[in-house]
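Next up: the structures, one after another.
The two complexes that follow have chain A in common; it is paired with chain B in the first and with chain C in the second.
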Partner chain A sequence: MNDDRLAASGRPIRSGPSLGRHGVCRRHHLLLFVFPPLASCSGAQSALDPAGPEAAGVATLFYTMLIGGIVIWCGVVGLLFYAARKRRAHSTKSAGQLVLWGGAVFPTVVLAALLTYAVWLMPVMRPWFQDDASGMRRIEVTGEQFWWRVRYLGEDSGPVFETANEVRIPVGERVVFLLKSPDVIHSFWIPVLGGKMDMIPGRENRLTLVAEKPGTYRGVCAEFCGPSHALMAFTVHAMEPRAYEAWLSARKNSSGADAEGLALFLRHGCAACHAISGTEARGTIGPDLTAFGERGSVGAGSLANTAEHIARFIRYPDGVKPEVRMPHFSMLPDADVERIAAYLKGLR
Partner chain B sequence: MTIPRKYLIALVVVLPLLGMVFAWSGLMSVRASTGHWGVTDWFLHWVMKNSVRTAALFVEVPPLDDPALLPPAAGHFETGCAICHGSPAQGRSDAVLAMLPRPPDLKMVVPTWTDAQLFEIVKHGVRFTGMPGWPTGLRDDEIWAMVAFLRKLPEMDANAYLQVSGLHGIGHAGEVSPLPITCESCHAEKRLTEGSIVPRLAGQSEAYLLNSLKAYAEEKRPSGIMQVAAGTLPEESLPELASYYAKQAPPARQIGQGDPQLVERGRELAERGRPADKVPACLSCHEKAGGNPAYPRISGQTAPYLERQLRLFHTGARGGGPFSHLMTEAARSLKEEDFAALAAFFASRESRGP
Partner chain C sequence: MKSFIPREVETLWTLFTAPTVWALHFVVCYAAVAIFCAKGLAEEITFGTLRFALGVFTLLALAMIVLSAYLAWRQWGFGSGDPPHDAATREDRKYFQGFATLLLSGLSFVAVVYAAIPLIFIAECQR
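Showing the complex of A and B:
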């Protein structure tokens, strides 16, 4: 499903592959031919379509285990046929040999090999324990019910700017994610780039990730955090370094030109919770809305980003995301809601 | 000795049937003119007193010595209670005295009840007597004000009663209507002090006043006192009332000097909010240049009124017009120490736009 059709259908985006590329697991298309269900493993939210070394480690481990499992399963089925068709009984000695080698030695060797392989893979899959993160680009991500606060930190650890439900990283550079939560346990997971990491109230977890291919990926909350847990996603843009730098500097001076839309936004008190840089809206309770028009979705992956969907979210946030903290604004005049929605859609 | 089974059946089946036949025959008199038998009267009162006593066992009594509790309760007494119970200013008609049971003279009975028992009676009323419960179950604070007033009632003479209920204002210039009790009886500037729990209406935004009046009339803003006051007004008079008060100049008055530390804490919260607790800045909606006039002007209201409203919002009992749920959400995460600080800050501030 592409973005346009999604906008037309207006349904919440629930499954990963709906928001993104049409790529397939190219390296494994032979497997896809044999196992059609794997076709769903491609796309923006698939750990089996990796764009970073950690996710590649996970994918390798998965395929190794899958192929090994298939071979063993075939052997076991073969044994079953052999046992079913054999007329004469084995001697006690050869039966004992079979149990010893097939039932004890073989599993021990296979499991030991698998364990060794997995332990050997671990540093690839979990490089966050590199303590020396100084000099690395740091992005602070806070999981809140039910959205993501994203702060790009400067040299002195102070936030340079804040945004929400969207992470941008340069390709080929390892980035440190500082993961926090003010309410309940969330879990930060970008399957295409690596494993997940819990966000625990009262502490700061660190995860380092690197994207090796440019593209748009999807991250999700991987720990049940409340009624709208499934509607808590974010977009990851892995950008070529030059494009990334261009975005960074543009982001610092972003704006929207619709003065009347902004006036309505302020008039109804939206700025109590939301900030838009370059305006007097400085609320930090809800998601920062700077450059909102460029975001991939409304409501942290709930709806495609169109003016109609923004208006719908303003009127009935709870109808889109159950138990969201934003109160409904269905009492505002339609013209006001539509104007605010158009203003937000126009923010670059 | 054992009772034969057929007599038992007769007892269980026939006796109730006989009772139904008696009730159907109409021989049971329901005439109030004849009164109760002495024994019935005693029994009914005995049951009622026991019931109130038991129900009041676990009622916690708040402090009731604040004189600001009296005026709104007295005004409501005049509109809702005096017709049956009489008041120090006016006796009762013979029609009321012929009710069965006769509404008691409060001078005599109030001293026989404890505060908790009075609360129980005022809140829930008494079945089979005509005594109604409070119009809403969500405003215990109003009921306690009424209890405070009832305590004072036995020692009040006509003059004191007229003073406290605001009835003495009849016929003065600026009255909304010639009714003995008007909006002005409670809300007139001259009736308000720094400790009042009654809001100032003069200079309030018209949109907010109208939304509030409608919310009271439609029972979306629970208040026994204001539901009774606004619910009986003709709907078309509500915009007139809102505009009448909105056009009045905000009163020139001495700004209350709150505890400076408290005021400063309130200012901090009002200007910046507390994002960590999801408390937005009050001033991002209220009294903002170019802001929505449905958001009321809160500066210059009395601290006790503001604190009361904040607490009602905090517990979700406040209700109000179509925008009130925004405030319920904003007040949800306030902490105990915030209420007084915010109230002190806004009470000490000049009222301003929009």
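Showing the complex of A and C:
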């Protein structure tokens, strides 16, 4: 429902909840006026609507800090009113006592308690597993400008297949993300599942996450990486293990049919950068487009995935995502662009 | 005690003692853990040993700051007069400096404790 609305407006998707749990935002429209913060508590990209233990730790810490902050704020405002209404002055000595206990000792003790609590919570929010002992499923994610290269690794650490801007994980199974970047620093963040982790050129950072609830979530780049940083998102599908295995085996064998669309795709040089499994298209510079029709968006979370938006992106990628690396193809005949767009939308 | 540590130490240098100890403690804690983890020293000495050594170092740093605070308290005349000590006299300058040093010692004490709290919870080197 939301996607249709977006398709009609044709504007880039910038807010998280538009993808995924449709209707969540709409239900909260009334709440938005009553109490704005509440309306943003649920959704596909909310750290306050956790679907994994790490994110639950972050949410617990947030609520603890929030409640503590409210109590202290009430106390300070109460003192302010008291000071404003008080007729008779206190002695210098009692004022000094208030400053000492309320201004120095109390904050020191509260901050020590909060620091201890936060540090104590850290192993929950970022659990660590030894390399060799784990045997966990591994997914390598590389931050590109401005999209995500996703490689599913096999037992021997070699990539089984590659995809882009979409991560699929089985529910209830801890997955290791190997995070890389070839040029600038990005940050990999799935708020619903856990904290963020930087992707630093020359390093391979590891983040382990587990989804406890099936669903479609939204991940974002959380470190400014260039003009289209805000348009660098990805979809996370937490799937039931059986459905996940079915998807894995289907994905290994997927191929792009539609002879005419594919022929145009190849003739106009798209395959120099893009790959489609099962075809001659094997480019590795740009995002892999295998099963593109199943993706949640066009241009790493920029537009809803419709044939019109794909055509628009092919003609002027820079108009959708500023300074994107893909050149524009507005010189191609309209019929060809539309045919290619329909072909990509039909890829399963 | 009064004669043991002469009054000549009550210069501007005493003002810097506690923050310097704080800075040293901070650098030593961070550098020690970073080198321990980066060089993979876990095979030779355990993290528990490092934790214990830094714990002892923390206590030494706190003792040093308490000593600095005592000297400052003495310089302040053991709290005989109230701040702000802003008269243009030698006596007031001394009291002002003593009081400032005492406050800085308190800040440094708290900072050293805060910097040491993660030592209790860090479990191991990651990678």
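Definition applied: the second predicted complex is superposed on the first by the 318 of 348 C-alpha atoms of A that agree within 3 Å, B and C clash if a C-alpha of one lies under 4 Å from a C-alpha of the other, contacts with A are read in each partner's own complex, and residues count from 1 in each chain.
Please note the rule applied: contacts are C-beta pairs under 8 Å (C-beta built on N, C-alpha and C of every residue); 3 or more make two chains touch, one makes a residue touch a chain.
On a predicted model such as this, the values are computed, not experimentally measured, just so you know.
**Student:** Should the superposition on chain A be reported as showing a clash between chain B and chain C, or a fit?
**Tutor:** Once both complexes are aligned on chain A, chain B and chain C fit side by side.
**Student:** So, does A:A112 touch the first partner chain B, the second partner chain C, both, or neither?
**Tutor:** The answer is second: A:A112 touches chain C but not chain B.
**Student:** Which angle, in steps of 10°, is spanned at chain A by chain B and chain C when each chain is reduced to its C-alpha centre?
**Tutor:** If I round to tens, I get 100 degrees.
**Student:** Once the two complexes are aligned on chain A, which partner has more residues of chain A within touching range, chain B or chain C?
**Tutor:** Residues of chain A touched, chain B against chain C: more for B.
**Student:** So in the superposed three-chain picture, is A:W120 touching just chain B, just chain C, both, or none of them (first/second/both/neither)?
**Tutor:** In the superposition, A:W120 contacts chain C only.
**Student:** In the overlay, answer first, second, both or neither for which of chain B and chain C A:P182 touches.
**Tutor:** The answer is first: A:P182 touches chain B but not chain C.
**Student:** Counting only touches as set out at the top, which of chain B and chain C does A:T284 meet: first, second, both, neither?
**Tutor:** first
**Student:** Taking the superposition as given, does A:C273 touch the first partner, chain B, the second, chain C, both, or neither?
**Tutor:** first
**Student:** Between chain B and chain C, what minimal C-alpha to C-alpha distance in angstrom results from the superposition?
**Tutor:** Between chain B and chain C, the shortest C-alpha distance works out to 27 Å.
**Student:** Going by the contact rule at the top, pick out the chain C residues touching chain A in the complex.
**Tutor:** 106, 110, 113-114, 117-118, 120-121, 123-124, 126-127
**Student:** Spell out the part of chain A that touches chain B in their complex, as residue ranges.
**Tutor:** Of all residues in chain A, those touching chain B are 182, 263, 266-269, 271-273, 283-285, 325, 327-328, 331.
**Student:** In the complex of these two chains, what residues of chain B are touching chain A?
**Tutor:** Those in contact with chain A are residues 273, 275-276, 278-281, 284-285, 288, 290-292, 295, 322-323, 325-326, 328-330.
**Student:** Which of the residues in chain A end up touching chain C in this complex?
**Tutor:** Its residues touching chain C are 104, 108, 111-112, 115-116, 119-120, 122-123, 128, 206.
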